[in-house]
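Both complexes below contain chain A, partnered by chain B and then by chain C.
This part shows the complex of A and B:
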C-alpha cells in the first residue's frame, strides 16, 4: 500500500477544522446572541443598554485601569532584570532566568492559592490587618506575580539579540550611559516591550480567578462580569464579550500585533 | 511499516480499555440508563467518612480506623447499623454489607435489578448552582432526574419543563413506594400547598403544586454561623460578645460597623438579596413577629406577610434595597460560596451567612480541630443562629424533566427515601433529609446523633421537641447547648424557628432582569460620570498619540494615488549612510 503523501494543504486540515469549530463558529454565536433579544429577534437593545449603563462602562474602565497598573508594574520590574541578565557575562545567568520562569511550570490556580495563604499569614501579623481587606492591592499583586514571566521572557530574548558592537559604537561616538540607553537599548528592545505588554495587558483584563481568590470576590473585572451574565442573561453577556473583543482587537492592533515582521513574539526559551 | 501500525492499534486499544471500564458501572445487556443531575457532594459517594464506614469501624480520636494485631480493621457493634440493618441490607441488595462503605449509587443498581428484574446504570453528573442547572436544561441536555431548590422547581414547573409524578407513586399500599410512606408530614404538607407561596396555574388552569412535580430530598434554613469567643491572630481572646451583639442586631449584623470585615455574604444574588431584604425590613418583620407571638395574627396570615416581604421584587423595593446592598458590600469581608467555612475556622471572620447543612459541617469541622485536608488545627467552637425576624426555609427536591424515564426516576427517589438510605445521605452531606420514616427511624437517628441518656452525666439536658416533623409527641433528650445553638439546632430547627420562616419564590422574567442588573451594579465598582469622561478622553488621547507616533504623517490612505503609468517611490533617507 502506498503511503499517502502529505502536502502542505493536507497538513493544514486539522488546524482548519479546529479553527472553524472552536474559533469561528463560537464567535459567530456570540455575535448572534449579542444582537438578539430573549425571543431571538434581532435587536439593538443590548447594544444600547450597554453604552447607556454606567455600571458596564465602569467595569470596563476598572478592568482597563487594573490591567494598565499590572502592565506598568510588570514592565518596571522585568525591564531591569532582563537588561541585567542579557548584558551580564555571568556563567550562571541561565539559572537566574530559570528562577523567574520556573513558576510558570506550576499551575497558576495553585500559585494564586499559595499567595492567598501568604497574604493571610501576613495579615495576621500586628499592624498588617489592613491587608485582609486591601482587595485591589492584592488583586494587582497577584496579577503582577502571575504575569511577570510573560514580560521578562520577550524582553530578555530581544535584548540578547542586540549586538554588543552597537554599544561599543555608541561609546566610541561619545555617548554616555543614559544616551546609550535612550538611543540604542530602548529603541532596539521596543519589539520586546510591545510583545510583553500584549502578553500581560490582555489576560490581566479578564483573569478573574486572581480577582476572585485574592479580592474576596469584591473586585469585579470584566471577565467575571461576563461570567456572571452568562448565569442569567446570555444576550447581554455576549454583548459585553463582544465589546471586550473589540477592545482587545484595537489594543493588539496598536501594539503592532498584526505586523508580520520577524521579531520575538515567540518568546520561548 | 506494518509493525508500526499494529503497535498503533495496540496503543489505541490500550487507551480505549479504561474508557470501557468507566462505562461498566453495573454492566450487562439490555440495561436501562438513569441520568441523574444533582448538586456537587450531595449524595453518599461511598468510602471513608460515610455513615456505613464510620459505623462499622472503630475509629481513633483522629477519625482513623483502629487496626488489630494483624493489621485488619477493628469492627464495632454499632447502635444503629445493627443486625436488623445488616439483614435489611442483605435482603434488599442481595449481598452482605461490606464495611468498606459502599456508594449509594452502586447499591441502587443492585436494588433495582433485584426489585424490577432489569439491569440499570446511573449516569450521575453534578452542578454548582440552580442557574447553571437551568441553563443546561434550556440548552437541551437530557436528564431523568434533577435536584433543584424550591424556587427553581416552581420556575421549571411553571415553564412546563417537568413531568408530573404518577398517581401510583403516592399509593402507600405498594411496597416499593417508600417515599410516600416515609416522608415527613411536615414536608408533605409544605409540598401540598407550595409552602405558602402564591399558587400559579398552568396552561389548562390547573394549580401548579410542588407535590405533583417534586419529591423532597433535603431541607433547611439559612442563618449565621458565629464564633462566640473570637481570638486575634496570636490566639488571645478578643473582648467582644459576638452572641449578644448578633442576637441584638439580627439581620442588621450585615451592615453594622462592629462586624466590619468580620462577616461574609453569599456570592449569589438570591441569598444576598434575601439577606438585604431582612436588613432593610427588619423592623417591619419584628413588628409582625410581635403580633404573631402575641396571638393577634394567625400563622397563615403571618407566613403570608413575611413571605411577601422576603419575595418583594417590585421597582420600589429594588431601589430601596440597593443602598442596603451597597452597605453590605462595604461592611463584609467577602462574598463567598465555599471559603466561609475555612475562614470561620481560621478565625478570620466571626460571622458567616450559611445554609444550615453547611453550618453543621462547619461546626463539626471546627470542633474536630482538623482542616478539610485532615491536618491538625486548633479546635474552635462555633454556633449557629437564625435571625429572630425570620429567615429562609428552603427545600431541594427531585423533579423529572420532560421526556424522563419516569419509572426508573421514581424508583430512584423511592430508594433514597428508605430511612436506612436517608441516614446515609444525611450523614454524608450534613443536611437534613425530608424523610421521617414510617417507624420514625430518622428520629432514632437524630437521637443517636444528639440524644442523651438522662443518667449519663451531669450535662444539662432539655426535651427537644420535634413533633412538627415526626408527628405528635416526638422529641429527643438533648444537650441544652446543642438544642440552643449547635448542630442539633441547625439540623433540626425548633418549631419556633419554623414558625418564623419564609420560602423563596422565583423571580418572573421582568423581575429577574431588574434584580440581575441590581446585582451587577452591586458587584461592580461604579464610577462617577465625570471620572468616566476623564478616563475615556485620556484613553482616546493616548490612542491618538500612539497612532501619530506609529504612522507619523505617512498614513498611506492620505496619500494620493500616483497617476497612471507612474510608480510611487519611497523617498530615501538623505542622512542614511550607504
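This part shows the complex of A and C:
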C-alpha cells in the first residue's frame, strides 16, 4: 500500500516547486528590497521617507476614502439584488444571476473604456458639462460598475444557503419584516458580506486602471504609487507593495479567513 | 396589493441595476455600426469600424497574442493546478495546510503586488522579460483558481473507488486516470474556464512581465485611451467594434452551453 500513496502525493511536487519559485521567493525579494536602500544597505529609510511625506499621506487617505465609498455603494446595490434573487421563487433566477455576471467576461479594459465613452457622451450634453471634470465621481462610478459582480456573487451564495424555515419560524414567533432582517438575514449573510467587502475594497485601493482611464490621470490611488516607483525606485515600490501585502493579510485575518466557497468569480456557476 | 407593489419594486430595482450594467456596452454596440467616430448622433449605418479593426495587422496581432496567451496559460495552469490539487489532497495535513496557504497568496493579494514581486525577482536573477516571464506571470494568477475549483470535487469524491481499482490490479497512474480524473473533471473544466477569463482580463500582471513591444488587448486599449490617439495605429472607435464582437461571442457561448446542458438533461431522462 505504500507505493500508490507515494505516487499521489508526488503529484503536488511540480506545483510546490512553482509556488516556491514564483510566489514565496518573489515575496521575500519584495521584503528584502523594502528594507534596503539604493546601496543595498539595510535601512528603514524607505518607510521614513514615504510616511513623512504629507502629499503621500493625503493620497493614501484619498485612496482609502475612494475604496470605502466604492465598497459601501457596491454593498448597498448588491445586497438587495442578492436578497431579491435568492429569496424569489422565479424559475429563471439563474438566468438573471447570469446576466449580472456576463459583463465580467468582456475584457476589463474594454469595459472601462465603454464607461468612458458613456461619460464622454453625457458630458457633451447641455447642462452636464460638469461631468467632464468630475474625476473622483467618475472613478468611483467606474469602480462600482466593475466590481459589483464580486459583491453580488458571494452575497447570493450565502443567502441561498439560509434555510427558508428560519424565516417561517421567525414569522411564526411574531417577528416583523425588520426584526427578521436584523436578527436572521443580516447575521447569517455576514460571511458573504465580509468576503464581498474584501473582494471589492482591495481592488478599489490598488487597481489603477479605472482611476487612470476615468479620472483623467488626476486621481491617484495607492496602487498607482507602485507603478510610479516601478521605473525609478524599486526599493520604494517594494516598500509600498509590502505595506499593501500586510494590509491584505491583516484584513483577511480579521474577516475570519478566506472563504473559498464564496469566492467564485462566476466560473463555478 | 401590498405584495404586488413589493414585487413590482423588486423587479424594477433589479431591472434598473441591470440596465445600468448594460448601458455602456449597448451604447458602444449601437455606435459601432455608425459611420462617424462620434457617439451621440447616429449618422448612418456602416461597417467601417469593423473593416478598420480587421484590416489592421497590428490590431489583429494583439488579438491573436491575447488569445494564444490565454490558451497557453490556461492549459498549463490547469495541468499544474489539477496535479497540484490531487497531490495536496493526499498530503499530510500539515503540508496540505501550508501549501494551500501559499497557494492562496496570489488569490487574496493585490494584483499589483504580485506583478511587482515577480517583475523585481526576474530582474534580480537577471532573467530578461520574455514570453516565458509573461506566461509565468499569468500562471501565477490562474493556477491557484484552478486548485480552488478542483479541491471541492476531490472532497466530494468517493475514495474507496480508487482503493478498489488498485485492489483489482490497476496501476496507480491508471487508477488516477480512470477513476479520479472522471470524478473531478467538472472542477477541472471550470478551473480551465476561470483561467482563460482571468488571463484574457488581465492588465496589471501583463504590464509588468511582458517583453517590450508585446501587446494584448488590455495593454493596447489602456495605452490608446490614456495616452491619446497618437499612440495607436487605429482610431479608438474600432475598439467599439471589438467590444461588440466580444460581447456577442460571450452571449452566443452562454446560450449554446445552456442549450446543450438542457438537451443533455432531456437526453438523460
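Here are a few things to note about the model shown:
Keep this in mind: the second predicted complex is superposed on the first by the 250 of 269 C-alpha atoms of A that agree within 3 Å, B and C clash if a C-alpha of one lies under 4 Å from a C-alpha of the other, contacts with A are read in each partner's own complex, and residues count from 1 in each chain.
Throughout what follows, a residue touches a chain if its C-beta (ideal position, glycine included) is under 8 Å from a C-beta of that chain, and two chains touch if they have at least 3 such contacts.
Quick caveat, the model's predicted, so the values are computed rather than measured.
Touch criterion met: A:24 reaches chain C, while chain B stays clear of it.
In the superposition on chain A, contact of A:55 is made with chain B only, not with chain C.
When the two complexes are overlaid on their common chain A, residue A:232 makes contact with chain B while staying clear of chain C. Contacts of A:133 after superposition on the shared chain: chain B is touched, whereas chain C is not.
Contacts of A:217 after superposition: both chain B and chain C are touched. Touched residues of chain A were counted for both chain B and chain C, and C has more of them. When both complexes are overlaid on chain A, the residue A:120 reaches chain B and chain C alike.
Looking at the shared chain after the overlay, A:246 reaches neither chain B nor chain C. Of the two partner chains, chain C is the only one that A:148 touches; chain B does not reach it.
On chain A, the patch touched by chain B and the patch touched by chain C overlap at residues 3, 120, 124, 217, 230.
The touching residues of chain A, counted against chain C in their complex, run 3-5, 7-16, 18-19, 22-27, 29-30, 33, 77, 80-81, 84-85, 88, 96, 98-100, 102-111, 113-118, 120-121, 124, 145, 148, 198, 202-203, 205-209, 212-213, 217, 223, 226-227, 230, 234, 237-238, 241, 244-245, 248-249, 252, 258, 260-261, 263, 265-268. Listed in rising order, the residues of chain B touching chain A in the complex are 1, 129, 131-132, 135, 233, 261, 267, 329, 332-336, 346, 348, 509, 512-513, 516-517, 519-521, 523-527, 529, 531-532, 535-536, 539, 543, 546-547, 550.
Across the complex, chain C meets chain A through its residues 10, 13-14, 17-18, 20-25, 27-28, 31, 39-40, 80-81, 83-88, 90-91, 99, 102-114, 116-121, 124, 136, 139-140, 143, 145, 147-149, 151-152, 166, 172-173, 175-176, 190-191, 193-194, 197-198, 200-204, 208, 217-218, 221-222, 225-226, 236, 239-240, 242-243, 246-247, 250-251, 254. Of all the residues in chain A, the ones that touch chain B in their complex are 3, 38, 53-59, 61-62, 64-65, 120, 123-126, 132-133, 216-220, 224-225, 228-233, 250, 254, 256.
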